[in-house]
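Listed after this line are the structures, all set down as structure tokens.
Both of the next two complexes hold chain A, though its partner changes from chain B to chain C.
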Partner chain A sequence: MARPGGRPPLWRDVRVLRVAFQLMVLAAAGGVLAYLVGNVRENSERLGIPTGFGFLDNPAQFPIPDSGFRQTQPVRDAIWHGLLNTLRVSLLGIVAATLLGIAVGVARLSGNWLVRNAARVYVEGLRNIPLLLLIVFAYIGVALTSFPRVDRAWEPFGLAVVSNRGVVLPWYDDGGPWLLAGVVVAAVAAWGIARWRRAVNDRTGRPEHTLRWAAPAVVAALAAGWLLSGASVTVPELEGRIVTGGTRISPEFFAILAALVLYTASHIAEIVRGSIQAVPLGQSEAAEALALSPFQRLRFVVLPQALRTAVPPMGNQYLNLTKNSTLGAVVSYYELARVTSISVGNGAPAVPAYLLTLGLFVILSLLLSLVVNLVNRRLALVTR
Partner chain B sequence: MSSPPIAARQSPLGWARRNLFRSRWDAAVTVVAAVLVGYAVVRAVRFVFVTGRWEIVRVNLKLLMVGRFPDQHLLRVSVAVVVAAGVGGLVAGCLHRRQADAGRLVWRPPGAVWAIRAFVARSWPLLLVTLLVLSLTSTPGPWVTAGAALAALVVARLLGTRLPKQLHAVIFVGAALAPFLLVWYLADAVGWDGWGGLMLNVFIAVTSIVLCFPLGVLAALGRRSSMPVVRGLSTVTIELVRGAPLFVLLLMANVALGFFVPPDQAPGRVARAIVVFTIFTAAYLAEIVRGGLQSLPPGQEEAAKALGLSPVRVTFLVVLPQALRNVIPAQVGQFISLFKDTTLAGAAMTLFELLQVGQSVTAQGPFAGQALLPEAFAFVGLLFWTGAYTMSRESQRLERRLGVGQR
Partner chain C sequence: MRPLRPVPAILLTAVLALTACTGDDDGDASDETSGATSTPAATNAPGQPGPGGSDVLGTVQRNGRVRCGTRDDLPGFASLDPSGAHVGFDTDFCRVIAAAVLGDAEAVDFVDLETANRFTALQSGEIDVLVRNTTWTAVRDGTEGATFLQPNFYDGQGMMVSTDSGIDQVADLAGQVVCVAGGTTTEGNVATEFERLGAQPPEILSFESVELVQQAFQEGRCDGWSSDRSQLTSLRAAYPEGPESLTILEGTFSKEPLAPAVRDGDSRWAQVVEWAVMATIQAEEFDISSENVDEVRSSSADPNVLRFLGQPVDGTVLDPGLGLPPDFAYHVVSQVGNYGEIYDRNITPLGLERGLNALWTDGGLLYAPPYR
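After this line comes the complex of A and B, so read on.
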């Protein structure tokens, strides 16, 4: 009720109240922050612990296995190697969990009773147990005790050596840059050919056959890179108790990666199933009426629409996987959390060290969600 | 209603042809899958009934369930379980009565047989696992406790439907206070930091859920506020917490939480874990609740305002109840994650929770070095699985009850 010519008194003026309330909130938040910071400073002073980031230049005093890192190098480099290890397990895990998750999610809707229920048991079983249980089991129960001793290692097809000291896979030796160049050229070629075929299809209506066109180019590029690099494949070989050649995957890395992939895939499978079911049945029926095979229906009609709605929740799972990779610390995989906690154990100040790690993870999370948002915007249905 | 179509009744052979061997390709998949599944099933059955050495679970059962809780105080745990069952039953009875009075119940035939059948159909996973645990015990105590808890549940449930409605307010307030009283009653014997086993996981999870709920709702409202300062602070806090890994937060709380408070007030380890779980889950809950708030048509709020309700009433009587109802599955999903994530506290702060117990009984004591991890973890995993599965079933049931998507 506006009284003509008069404003309400100050204590009932909404505009004033809003500003006053916000100032109060700001003051309270600032007060809490100042209290916490003050306590940290006071406690650190009392205990004689430095509060800055000077500890980054101190020697780390611990080595990191499977990397060039030695204990005389500074903490800064240790954290860098930890970050690399975190990224390695996260990226590999994201790719593998996506593939497995989509496969299981599709299998959950299979017309085959056995396949459908096997997928269901997998999803319901893994989704409801703690990830840490899987990780510890994959490490102690599988990688360390179920895998044979190295002198009795499994050698499937003579290509790999599996023992409780790790899994050794075939790899290449030297010539890295040329190989990388080959992969990059192949990727660019594949992308360009896909675009070109899409344009041809749009213009003329002739089938895209992207794979048929792109495969030779990709193979050629990879082969060229391979030949130019002069690299050769090394297959691991077991001689007594020593494995030569190949690349070794440590039991720790195997455990954390396997557990993360199996666990996250069970969540992704549920997302994929939900979004496939969200595609109107008419789409699938129309595709059937056009005589598309079941695979073509899935590949060209259902999945493209389903994955569009699945992107945001899948992005959340990728974030979770990245953050869950810190559990590698429990099985002695040297990722960020383990590097930080060992550094703190060796005398680095706890508060700045952990704040640094948290900051790195916040940045990682933001970058990852940026990518997911970009993909999402790209795929989002363009409506009028 | 007409009788089911004839095609629906089919011979086993017809069923197999439709579901397993529709095409040559399908048959091949079935054969391969059957070999793999058969192998897994044979291995699993052999493990459970033949090769598994379950003495490790039998001997350490007490450790797995309640940790190192002293024997002379175990009676308190029993009393707490029975009282909790009774309070739960009472509340369930009252709610049932209210639903019945509001005419929102699905009709069910009266009589004890149907009630028991419905109860078993609803909670068979929990009942089965309880029976399994009981069958592993060597003392009568757990049997008596379970029997008393069941009796308390049934009696209180029946009582709840018959008590006068005037008492409901008292009962609900009492039920809200009961957890605190029970925790005090248990902690009076042994402080939290001496708790362990499944009891500790459940305690941390339940406490964090209770504490994070108001915090998360407040943060969600803050993020939707029209006041820039409130919105900004809420958003930054939520995003920072959500960007941080829980495990690192727990590690940090373990060694660095003491720095943030005056020297003489450093909390114990369990309290630290609860602080971290509360803040972490509140941030996720805030995003879930925000989703619920956004799903609500603006007309609801506008209509409530038009009726002259104050902003507080608009929020708490009109907006929040609908918003929270719309996101029940996501909320329960978050609470399930919390329950499973209580295992991280064991690894990060060396709390003696279920997973830690399961791992340490295979590494120390009479069973050390015998590679019994599969047995111990199978049992631990089964307990977690049952808890999580029960929660998700109850959430689906609650969703149906509250008529999400129907009203």
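After this line comes the complex of A and C, so read on.
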């Protein structure tokens, strides 16, 4: 009954219907959510279970090893230490898995039969087993069984103590700020020197040799920081079954880190291999025609183009690694999820406590994605 | 599911109305008058695990089953025998409750729970009662939505070490490593004990499973293994290298009253569970066991005993109005046994003395209020 040339009635107007349907779906989703939240609230209230975040101020009632966290401190601090442990294993794991993954991915395409097939066995072996088993094996089979018991610990040159209670290494004693300053100065110096050498190379064509110039500067900066901090060192010593001094890599940390790195690197290797194969063959032929060495071909021609396509899927692997770190709970690594679960076991209300942990993981993952996106944007092909 | 929003409530009413039409003959009288939405209990469809619902006793009686939260990995308290049946001290108390409420000790659905999710299972209505080595503490009373009943076992945390380690008191472990199967109060108790002793706190490793603790202990990762003494005794008895290679140190450094727990807000069901457990204690005090209960029932002249077993005294049977049948204690004792029998069957083989778990008349803590 629409008048010719006029608007159709509301209930047949596509523009109106489109908006109306979207509103209906939103309202339905919101309604279900509100119903669930309301149920949690009312049921909790009826059972006398707190729904707020007041539990964060209660004493945690459990200690966290290797952190100085005592059982009398509040839950808030326990969660903070759990977050730090998650960050520690995730960030180290991401760096190590990237390096190992790129190496294995390149090796997958090597002309050397042994190297190529060793890389293949590694990839096919590791990416096809459940990560949980790998972690338990790395803990029981490697960290606890392959290393000597503490009463027969190795003490190479009297500098370290190696046993199945951890590897204890010499470490600085105090004066952390000076050391940190040294690290910052070293990083800035390395960055500055790299820029300068690049400029020299651009202007004169002389080789960059960045490492040759930067390494002494970095060593000098670090040494200066250490000397200024008082040059104090603690060397671990074994007395009976107790090790004093030094810094310790615990078997639990070793097991979760090693398993995460080996597992994630096998996936990254496949991404890198695929990305390298996606670079047109003509690129490396052209590089060969310019008489670049095989390493130079890889370093200056192939990898820069390959990594560009590899970055987004590698970002996914980084997110996976971070989330998989929660499996450390199995081997008593006190990461965020384990700390939450022990807090709940000590009386923290489950729903708010786990919501908080979920929220922290979402924030962590979004930050990681942000970094990957920034890198991706920088590496992306600039088209005009 | 008590606080229903209008829309789902209407849906549920429709569903209930439909089921009521089809299955009328096995519904009992109270179901027909319910009117579906008017009473909270009516929304608790039989067999449906729903949170709350203030009438657990009614649900249990309708279903003919008690859903009991327990575990399967702690020999002596709750484990599986070679045929796959649940055996142990805690599981026997599940049977006690079923015998009291339903007259059939085997009418139990055992729900095996992890330590971390046991209270959630109770809160959400997945189980009717939790009998799983659970310590009664103030925080749990206050925040877990659970009501703890009279403890059925008085325990305390202890420390176990290798016999050849040369450690002979807890303080010797200062600065060393203690492993626990944790996620609960165990870690904190260890840390607090070393603080009390003024000793350097040990490194405390907390695993999710007992098996991993045992692995780590066998590989020499830990010097001490801490848990409730009853658990240590049980684990020591089953240790692969033989019980004599482990030593449980003197000294108990926490109070661990292990008590059955029910959901908050249903005092009727709480009283039922309470008195079912009390019946085992009272029976031992009366010297009534599964062996002599029939004889006592027919020949005893003690009015207290006769009343307890639901026998008429001068023509009247005592029904205290708990919602239990008057002869519930007879079913409990004849089908499961008294407290001493349950203890001897499950705990004595582990080598654990009665200690605090003796009757008050023998210097223990077990004391049942009078049944009258």
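The definition used in the following text is that the second predicted complex is superposed on the first by the 357 of 384 C-alpha atoms of A that agree within 3 Å, B and C clash if a C-alpha of one lies under 4 Å from a C-alpha of the other, contacts with A are read in each partner's own complex, and residues count from 1 in each chain.
Simple rule for what comes next: a residue touches a chain if its C-beta (ideal position, glycine included) is under 8 Å from a C-beta of that chain, and two chains touch if they have at least 3 such contacts.
Note that the structure is predicted; figures quoted are calculated from it, not measured.
A.B. asks: Once the shared chain is lined up, is A:A118 touching chain B (first), chain C (second), both, or neither of them?
C.D. replies: first
A.B. asks: By the touch definition at the top of the document, which applies to A:V184: first (chain B), second (chain C), both, or neither?
C.D. replies: neither
A.B. asks: Look at A:V95 in the shared chain and tell me whether it touches chain B only, chain C only, both, or neither; answer first, second, both or neither.
C.D. replies: neither
A.B. asks: After lining up the shared chain so the two structures overlap, which partner does A:A350 touch, if you call chain B first and chain C second: first, second, both or neither?
C.D. replies: Both partners, chain B and chain C.
A.B. asks: Between chain B and chain C, whom does A:Q71 touch in the aligned arrangement: first, second, both, or neither?
C.D. replies: Only chain C is touched by A:Q71; chain B is not.
A.B. asks: For A:V32, using the defined touch cut-off, is the partner it touches chain B, chain C, both, or neither? Pick first, second, both or neither.
C.D. replies: neither
A.B. asks: Using the superposition on chain A described above, determine whether A:A337 touches chain B (first), chain C (second), both, or neither.
C.D. replies: first
A.B. asks: According to the stated criteria, A:L370 is in contact with first (chain B), second (chain C), both, or neither; which is it?
C.D. replies: So A:L370 meets neither chain B nor chain C here.
A.B. asks: Figure out whether A:V219 sits in contact with chain B (first) or chain C (second), or with both, or with neither.
C.D. replies: A:V219 contacts neither chain B nor chain C.
A.B. asks: Return the residues of chain A at which the contacts from chain B and from chain C coincide.
C.D. replies: Shared contact residues on chain A: 39, 43-44, 46, 136, 140, 145, 329-330, 341, 344, 350.
A.B. asks: Spell out the residues on chain A that touch chain C in their complex, using ranges where they run on.
C.D. replies: 35, 38-39, 42-44, 46-50, 55, 60-63, 65-66, 70-71, 136, 140, 144-145, 149-151, 164-165, 241-242, 251-252, 329-332, 334, 338, 341-342, 344-350
A.B. asks: What residues on chain C touch chain A, complex-wise?
C.D. replies: Within the complex, chain C contacts chain A at residues 2-3, 5, 8, 51-52, 115-116, 119-120, 123, 137, 139-140, 142-145, 175-177, 179, 182-185, 187-188, 191-192, 201, 203-208, 212, 215-216, 219-221, 223, 263-265.
A.B. asks: Please give the residue numbers of chain A that touch chain B in the complex, ascending.
C.D. replies: Within the complex, chain A contacts chain B at residues 18, 21-23, 25-26, 29, 36, 39-40, 43-44, 46, 111-115, 118, 124-125, 127-133, 136-137, 140-141, 145, 323-324, 326-327, 329-330, 336-337, 340-341, 344, 350-351, 354, 357-358, 361-362, 364-366.
A.B. asks: What residues on chain B touch chain A, complex-wise?
C.D. replies: Touching chain A from chain B are residues 19-20, 22, 26, 29-30, 33-34, 36-37, 227-230, 233, 239-240, 242-249, 251-252, 255-256, 258-263, 336, 340-341, 343-344, 346-347, 355, 359, 371, 373-374, 377, 380-381, 384-385, 388-389, 392.
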